[in-house]
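Shown next, in structure tokens, is the structure this report addresses.
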Amino acid sequence: MTLLSARNLSKNFGGLTAVKDVDFDLPEGEIRAIIGPNGAGKSTLVGLISGRIKPTTGTISFQDRDITRLPAHRRVAQGIAYTFQITSVFANLTCRENILLPAQRGALAAAGPFGRIDTDALNDKAEEILARVGLGDRADTKATEMAYGHQRLLEVGMGLALDAKLLILDEPTQGLSDSEIANFLDLIRGVARDTTVLLIEHNMTVVMELAQRITVMNFGEILAEGTPEEIRADDAVQRAYLGG
Amino acid sequence: MDYGTFFLIASMEGAVQAAVLALTALGLSLVFGVMRVVNVAHGEFYMLGAVIAYWVSSQISGSPLLGFMAALILSPLLVGVLAAVADRLILKRLNYDPEATIVATIGLLYILQQAALTLHGPVPTAVAAPFDFYVRFPGFGYSGYKLFVIVACIALMLGTWFLLAKTRIGLVMRATQYDRETAQAFGIPVDRVYAGVFALGAALAAIAAVLIVPTQQAYYLMGGDPLLLSFIVVIIGGLGSLRGTVVAAILIGMSDGIISTLFEPTLAKMIATALVALVLVFRPTGLFGTVAR
Amino acid sequence: MNRILGLHVGVIALLLALHFVLPDYHHVSLARILVLTVYALGYNLLFGYTGLLSLGHALFFAAGLYGAGMSMQAYGWTAGPGFLFGFSCAVLMALGIGLLALRTAGVSFMIVTLMFSQVGYLTTLYFNEHTRGDEGFVIPLELRQVFSIDLSVEDTRYLAALALFAVAVLIKLAIVRSPTGRILVAIRENEERTRMLGYDPFRYKLTALVLSGAFAGASGAAYGILFGYVGASFASIQYSILPLLYVLMGGVGTVLGPLVGTVAMFYLIDIASGLTSAYLFFVGAALVILILVAPKGILGSIRDRWARWLP
């Protein structure tokens, strides 16, 4: 079943076309990587999907509902979670607070404006997510006091805490050490059991290890799409991107 | 007096107000444009200009013209120095953070105003005009001094424009406005430029006050109205746009005289303030503004 | 958890104990301070927690004050209905202003709120037939009572002020420790990130503004009822600056900071005005010194250094 589908999606910034007439389909349960050289339009494409950027033309539907005009925060409520490329955790808040914020969203929406929410269950959930991303012993540390790699993990944890159907990760492994990347791969494989994952990634090892299918972008257009093996063998991709 | 004459006099009064307002608002706009600082104490620099003019002219007895000339030089100079000191001691230390500087200049407003109350006293004082003659127009006479005020304001605005557009000082200011970090990297002494701009902005308000005070009185609470009107002018004209500021000052200054004859002054102020707030909500770049930022 | 609640209940108990021991002069002062603290508590919710700096809160304070005072005078209502009416005026005013002013941000928000508040001030002057303008009016003594309790006498007045303060401080505590309070802080820290966690910033900022206006309105209405005087000076810009000053002094983004700040500023102004007619000089100096030296205020600095658990 198709979770997300975009048709004729374009975005112009002034005179510059960052994304040009893109059709994009993402089946449920897949781990999809988007690759391409700098300026290929990857970040703009996921920006359009998450609602941070408004399209010039085209439509986006999620679970067969048109979400083209939905503002970003309501897309999150529909189940689209976005984690930032430049780490933007809440620097002055503790890790626990950083996770509680996204974690409470669902409960708050279900309870309505005057309903009560179960704070114990919420705290348990935050603890569990912190443990999952390997920050279990850092719950009361302020985010700004942690190393960059740990902040990246916290950022991913915030995405997880949204209980999304689609988790968008914008260059999640940037700045992580090799051992942290190994842990990250395990983490995402676990997540992918019940969540669709869309990631932009420059680290080809991560892409080849993780992605079930790969979308290659160049000059705002989709150049190729296929399994890691197909992409590796694709001549056009070789020329445009892998430097073949 | 017939209607035509009445209208002419009202227009002359409007022109005087517009000229003084344009000069005052120019100072506020310049400071906001270059430094991104909303100077809430701007009206107090205006007030200080008038109060100092009173003190200077009262020290020089005999010729009002001599006293006036001395005030015209000393008053903006002293106010400018005071502003530069305030910039160094307060604004610079806040790193020109927009919100913090507003809070600080509110504090400065109270400090200057209450200092004037203590030193100058609570009683409004008159300042003699440097010369006193009437220009005869067909049907009515008009104060020659007020005509001089209009001419002087126009000359000063042209001077400021020349300074900004045609001199190296202006170039340095514009470079700093455009990008503070890069300007610094190119060896522009950004600190001194900021202190200079803040001083210039305050001095413009002070000169405007020296010019107008012979037709009014020096009073420690006189800074409120020019502040409000300058705000209105700068917002309508587009934040940071100098040309818009002048156009808006003429529009507001001219119409204010006419509006206050039609409406009760409090009501006129009420309507004007509400409209300007709505402009800021719905047209943040101002009515004439191109792009603010 | 319990030490937080304990601290706040302890402060309320201390204030109750002071009722029995304070000399007359300070007893009256503290009653005023407690009512004004409610104003500052609300201001801090918007400024300290949500990160929105309003320069127009006098509008909401005055809406409560005039709403209560004028309705009591016009309809002969007693304190109860008068308070509720004034309170509702402030809430509606905050809602209306919020829908407009929250379209702007930062410096524009400060100027817009300042201007709307100035319009409110001029309104109280313009309709001086009804408001008595600068001169103001006195709420008739016999109306200043609730359930036959006379609120104009010193003892009941202090206790009423304390009751209002206690309710306000506990509500504020509940708000800032609730999931909504968490979202307000998140908006202060990073609005765009908060949106991408699924929260509509506009909705929460409006909530904060209306709550803040409600505190201001409650404070204004209570001030009129307890002290009996309604005048235009309460709508002036100075009354928008005061809560900012209280909060800056006491501690931005702390629950008890506004109390500390209001006590400190009230007595500073009280002593200064005994010395000179230019007492506002000290208000200005305090603003400048605070923003330069201690932008987090007394309690904010204490929290940073010694007590990170302080809400």
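Going in written order, the chains are labelled A, B and C, and every chain counts its residues from 1.
Here is the rule we use: a contact is a pair of C-beta atoms (placed from the backbone, for glycine too) under 8 Å apart; a residue touches a chain by one contact, two chains touch by 3 or more.
Predicted model, so just to flag it, every value in this text is computed and none were measured.
**Q** By the document's touch definition, which label belongs to this structure's chain graph: line, ring, star, complete, or other?
**A** Topology of touching chains reads as a line.
**Q** So which chain ends up in the middle if you average the CA atoms?
**A** Chain closest to the assembly's C-alpha mean: C.
**Q** With chain centres taken as the means of their Cα atoms, state the distance from subunit A to subunit C in Å.
**A** Averaging C-alpha atoms per chain gives centres 43 Å apart.
**Q** Report the inter-centroid distance (CA atoms only) between subunit B and subunit C in whole Å.
**A** Distance between chain centres: 34 Å.
**Q** Averaging over Cα atoms per chain, report the distance between subunit A and subunit B in Å.
**A** Once rounded, the distance between the two centres reads 53 Å.
**Q** Scan subunit B for residues touching two or more other chains and write them down.
**A** Residues: none.
**Q** Hunt down the residues of subunit A that sit against at least two other chains at once, touch-wise.
**A** Not one residue in subunit A touches at least two other chains.
**Q** So in the complex, the part of subunit B that touches subunit C is made up of which residues?
**A** Touch list, subunit B to subunit C: 38, 90, 93-94, 98-100, 102-104, 106-115, 117-118, 122, 228, 231, 235, 264, 266-267, 269-270, 273-274, 276-278, 280-282, 284.
**Q** For subunit C, which residues are in contact with subunit B within the complex?
**A** For this pair, the touching residues of subunit C are 53, 55, 100-101, 103-104, 106-108, 110-112, 115-116, 118-119, 122-123, 125-126, 241, 244, 248, 276-281, 283-288, 291-292, 295.
**Q** Considering only the defined contacts, which subunit A positions touch subunit C in the complex?
**A** Against subunit C, the touching part of subunit A is residues 50, 52, 71-74, 76-77, 82, 84, 88-93, 97, 100-102, 104-105, 107-108, 117, 158, 162.
**Q** Help me check something: in the complex, which residues belonging to subunit C touch subunit A?
**A** Touch residues, subunit C against subunit A: 179-180, 182-183, 185-186, 189-190, 192-201.
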